[in-house]
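You will see two complexes here that share subunit A, one where it goes with subunit B and one where it goes with subunit C.
What follows is the complex of A and B.
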């Protein structure tokens, strides 16, 4: 566990270094590289000078790095010129929506994936297994944003069951349970798109470890003891098949966050994905870097959490 | 069951949504006659969809600098004069006049104008606004032409200019939002002033709410509006993908939205479609500082080799208007129809190139002969970004048959802009808006400026005319001069306007939306003029 933490720390330091050096190593004026040509042109000479001295761009690199780190420790990610606000405040407002979206999708895809994986492994080779595999693999073959578009067109545009975008109905005046319901209704399609994209990995992983477990002696013992089928399936074999899935959870979280970037754009969902899209279009470099850093940090944290979870589930890891 | 048309629409949506993930453009527009049919009864709620949603807190210093930000502010704050689809109309000022000898504009304010908080708006507020903006620069208020502002009594304002400045009414009087002195005189940092009182204006709508992360705005009709009855009780701006505009309209969730060009045809039976072209352009920039493009004749030869209509058809899928080498699009009131058009003409290319000492030489492995001089084949690079790569490809193909070999260099936009700024290119493709406003832009796009400008000052006559037209207060005289500029510019062709992309809006007809003559304020081509919402 300690070694792992060191790895994560190293990864994080690398990300910070990358974030710091990338704009500064680009040819030309670093102020232009950080703020972009368009912004730099709208800045007055005075403002440029102020920014240069504020960021220490006229000082040696180590000093600049010191200033950058101090600012970071104070939660100062710079200013987004296109949104006229501090990067942190913008990111802070959108991150919860992405966490809600990605979190729901991860929980759903893990839960569903495990059940389908167990069923598929238990019924290996028979019709049910083949159907599950066919559907799961078929669905995951589609990139998540295509899936999002299809869901939106079918259930949003044609059938009209769900909203066409956004995270809630603007100015509905709803509160309490009605508001929760509204948010949930807006969440259904994007979460489904993300869940479907994530599903196959979990299903296949659970299925293969299920197949391994089913051959084990403790399963035969359980069968021999005359235990009920569902207890063997879920309580014995299934439980052990959870381990590889939890171990992969960190990686899945990273993938889901990346996937959310596209899905959010399709559904105009006000999260980090839409924000990234905006930052790219308006070439708001400080914003992009802030998003990059926060996303990376989130993914590192998700990995740490997944490790902790695996650690709790598997006594063997604790003995190590 | 879905009809044929609906199914077709769904397919279009699929294509658009997927392509929309890869690129997003901005909407533009500017001339369509207004519909005089206004609703008899007040509409309870009117909702406008917008792709980006968030355009900043709608105070003058809070909104983002681009057009949609200004529009949201303009619904709350009024200016001295305003524009409708025909031209200038009274706003806070009922009348105005210009005294050429003293270089002074006199504005007479209307009676009984109230701020949203009930206080009376007076000439003092106008004087204060100009002084405040001089102290706290506002991106949409370039007051460099203004020498002095004073009031005479409660209703008269005198604005003295440094020198005659023809764009004043458009770019200052119809652009600068007047702010209440009793609120702003205590504000030191206007950018950070986001309290409710920061959005107390005198316009047709009162501010109710702005939500940055959802990208939504909620306004309410100002029942005491001096300009007439406000036709919409609640005005909402919501964020929605432009690809969903059609579906949102048909569900009745929005009343108006910008459209992808492909959707316009599908929707025209059910909704009112308004179209605009000419406020933005795609242009081919020449590096006129270096050989061979420093030769005017060489640039002209290239211009004659390009088929702009073919370009519109292939690169813009037909949704655009062929470019006028004199900058302005046909339909713009400053447009000079007699500027040289460079319609494709192989013979002209031959003549011009031969005159310059080039000859067409066939080379092995090439389908077409190339222009060659002193054993050197003409090879040009063409700089573009990923958005314009299709244009570059069409040009490459076309020019190859005319003997010019192009090498496409597609780079990230910022890199392209830097390269254009440092003249590190032969040919470059660029696109920008801002063509709809006052001809003051001519200086910005021809003489000086950034990567959007030709930065061409080699023709002293052209330079002189561009400087001079700004000071001509007689409109006809100025128009003549602006047309002369276009002719000279087209003749020298330091940049070739290739085409003007179309932009579209669809609405349900409840409010007759229109594109403002010469754009809102300094030229915003968005059909959301506040006067559409007022009886």
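What follows is the complex of A and C.
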């Protein structure tokens, strides 16, 4: 547990170091690299001077790093010049949408993945198993944004069942249940794309641990006791197969957040993925760095939460 | 051992389909672009032209021939896939076996690095780095490979640790074989099936990432890639051009990934069926 925390901390520090050193080691004027060419060109001489002294760009690297860390610890992520707002406020506005999207996809893919994995493992080698594997591997073998494009073309453009993009119908003035319905309708396609992309890992993991469980003696005992099939399947073997899935939940969360980067762009979903896209196109580096820092923090927190959950569910983890 | 292995993989139905598809695509993307009658980068005044005898898949918003771009994009994917596949497999084998053979601090250092670098999804770090460089294909290969060996190194290390305990390794050591000789003569040959698997895994990952980076627009805009084709075509989804612009690109990308996935799947099935230790690398 402690070991893992150190690993997470190190990963976060690695990202901070990357954020700090990448622009400063680029050839040319560091101010241009930190703020991006376009933004830096519009700065007046006085503002440039002020920024240089604020970040200590005329002083040695260790001093700069100290100033950088101090700013970070105060929650100062800098200013986004393309949006004319503080990075923190912009990221804070988009974060809830991404969390909604990623959270829904994670819950769905875990739930569906476990059921499919249990079914597939129970019926190992039979037609049903082969079909599940074929579909899951085939579908999840595609990049998530390809999945998103296909869903958009079929259910958005051709059939017109779902909105083509965004998270809300603009200026609808809806409140209460209508608003919730509207948000849900916009959420369907992006969540489906992300869920399908996440699914295979959970299915394969549950399936293989299911195969392991089915060989054990307690299952034979359960069969011998004459328990009903579904109780053995879900109550005995299935329940035990949850543990590896829980243990990897943190990794899945990280992957889903990274997946949202692409899926959001396809559906113009107003979360951190679309914001990243905007930052990349306008070369708004402070914004990009801020987004990735918040993302990394979210991922690390998700990992810690998942570890705690696995720790509670599996007494064997507590013994080491 | 590796010879018998390479023969037996062909018995797997999935591998046969995958290998056939793979060879077809390999030919198409390596030879195809040289036979084209259009320069894939050249713009013209005939924009949004539907498929015709001249432009097999029509033209895009700036009058470029879509078919030429499709094949050239395939070549970009192929180059990145092979480059990343080979470099990251070599890195994985070198670092993984070094950790397993040396043990102690080298083992700790390498495995700790792997743990740390795997916490934040690689694609995030890759986007961050590429955003400063807007890389060409060669640089892109290096950046993706730099993070592409992590899971592979873990698997290689585990494999070597298991193999090291076999009797014939003890025998070789007893006869005075050096660490390096044992590794080179006895362990490395047994890693070949795993290396093939890692190569496929790396290629698949590379196609994913290359398309993804081009899709969100962080690579050199002069590089013709399926990812950027898809993101451009997506802007015009309300026109009917998607049928010969977006769809073939999505199809080609899916088909390429399918080929690699099928070969890998067949390989894994074969190895678990022949009673060997199941190759178990986490899917990227």
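Simple rule for what comes next: the second predicted complex is superposed on the first by the 320 of 320 C-alpha atoms of A that agree within 3 Å, B and C clash if a C-alpha of one lies under 4 Å from a C-alpha of the other, contacts with A are read in each partner's own complex, and residues count from 1 in each chain.
We adopt the following convention: contacts are C-beta pairs under 8 Å (C-beta built on N, C-alpha and C of every residue); 3 or more make two chains touch, one makes a residue touch a chain.
Since the model is a prediction, treat every value here as computed from it, not as a measurement.
J.: Check whether A:268 is in contact with subunit B, with subunit C, with both or with neither, and answer first, second, both or neither.
T.: Only subunit B is touched by A:268; subunit C is not.
J.: Should A:233 be classified as contacting the first partner (subunit B), the second (subunit C), both, or neither?
T.: In the superposed model, A:233 contacts neither subunit B nor subunit C.
J.: Looking at A:97, would you say it contacts subunit B, subunit C, both, or neither? Reply first, second, both or neither.
T.: first
J.: With both complexes overlaid on chain A, does A:83 touch subunit B (first), subunit C (second), both or neither?
T.: In the superposition, A:83 touches subunit B alone.
J.: Between subunit B (first) and subunit C (second), which, if any, makes contact with A:207: first, second, both or neither?
T.: Touch status of A:207: no partner.
J.: Which partner does A:281 reach: the first (subunit B), the second (subunit C), both, or neither?
T.: Both partners.
J.: Just checking: does A:295 make contact with subunit B only, subunit C only, both, or neither of them? Give me first, second, both or neither.
T.: A:295 contacts subunit C only, not subunit B.
J.: Classify the contacts of A:186 with the two partner chains as first (subunit B alone), second (subunit C alone), both, or neither.
T.: It touches nothing on subunit B or subunit C.
J.: Following superposition on chain A, which residues of subunit A contact subunit B and also contact subunit C?
T.: Of subunit A, residues 145-146, 149-150, 152-153, 157, 164, 262, 265-266, 277, 281, 283 contact subunit B in one complex and subunit C in the other.
J.: Please output the residues of subunit B touching subunit A within their complex, sorted ascending.
T.: 2, 10, 13-14, 17-18, 21, 24, 52-54, 56, 62, 64-65, 137, 139, 191, 209, 211-216, 218, 236, 238-241, 244, 247-248, 251, 253, 413-414, 417-418, 421, 450-451
J.: Where on subunit A does subunit B make contact in their complex?
T.: Residues 28, 32, 36-38, 41-42, 44, 82-85, 90, 93-94, 97, 145-146, 149-150, 152-153, 156-158, 160, 164-168, 170-171, 262, 265-268, 270, 277-278, 281, 283.
J.: Over in the complex, which subunit A residues touch subunit C? Could you list them?
T.: My answer: residues 7-8, 10-12, 14-15, 18-19, 22-23, 26, 33, 137-138, 141-143, 145-146, 149-150, 152-153, 157, 164, 200-201, 204, 251, 254-255, 257-258, 261-262, 265-266, 276-277, 280-281, 283, 285, 288-289, 292, 295-296, 299-300, 303.
J.: Spell out the part of subunit C that touches subunit A in their complex, as residue ranges.
T.: So the residues of subunit C in touch with subunit A come to 112, 115-121, 123-125, 127-129, 131-132, 208, 211-212, 215-218, 230-231, 234, 237-238, 242, 246-247, 250, 253-254, 257-258, 261, 265, 282-283.
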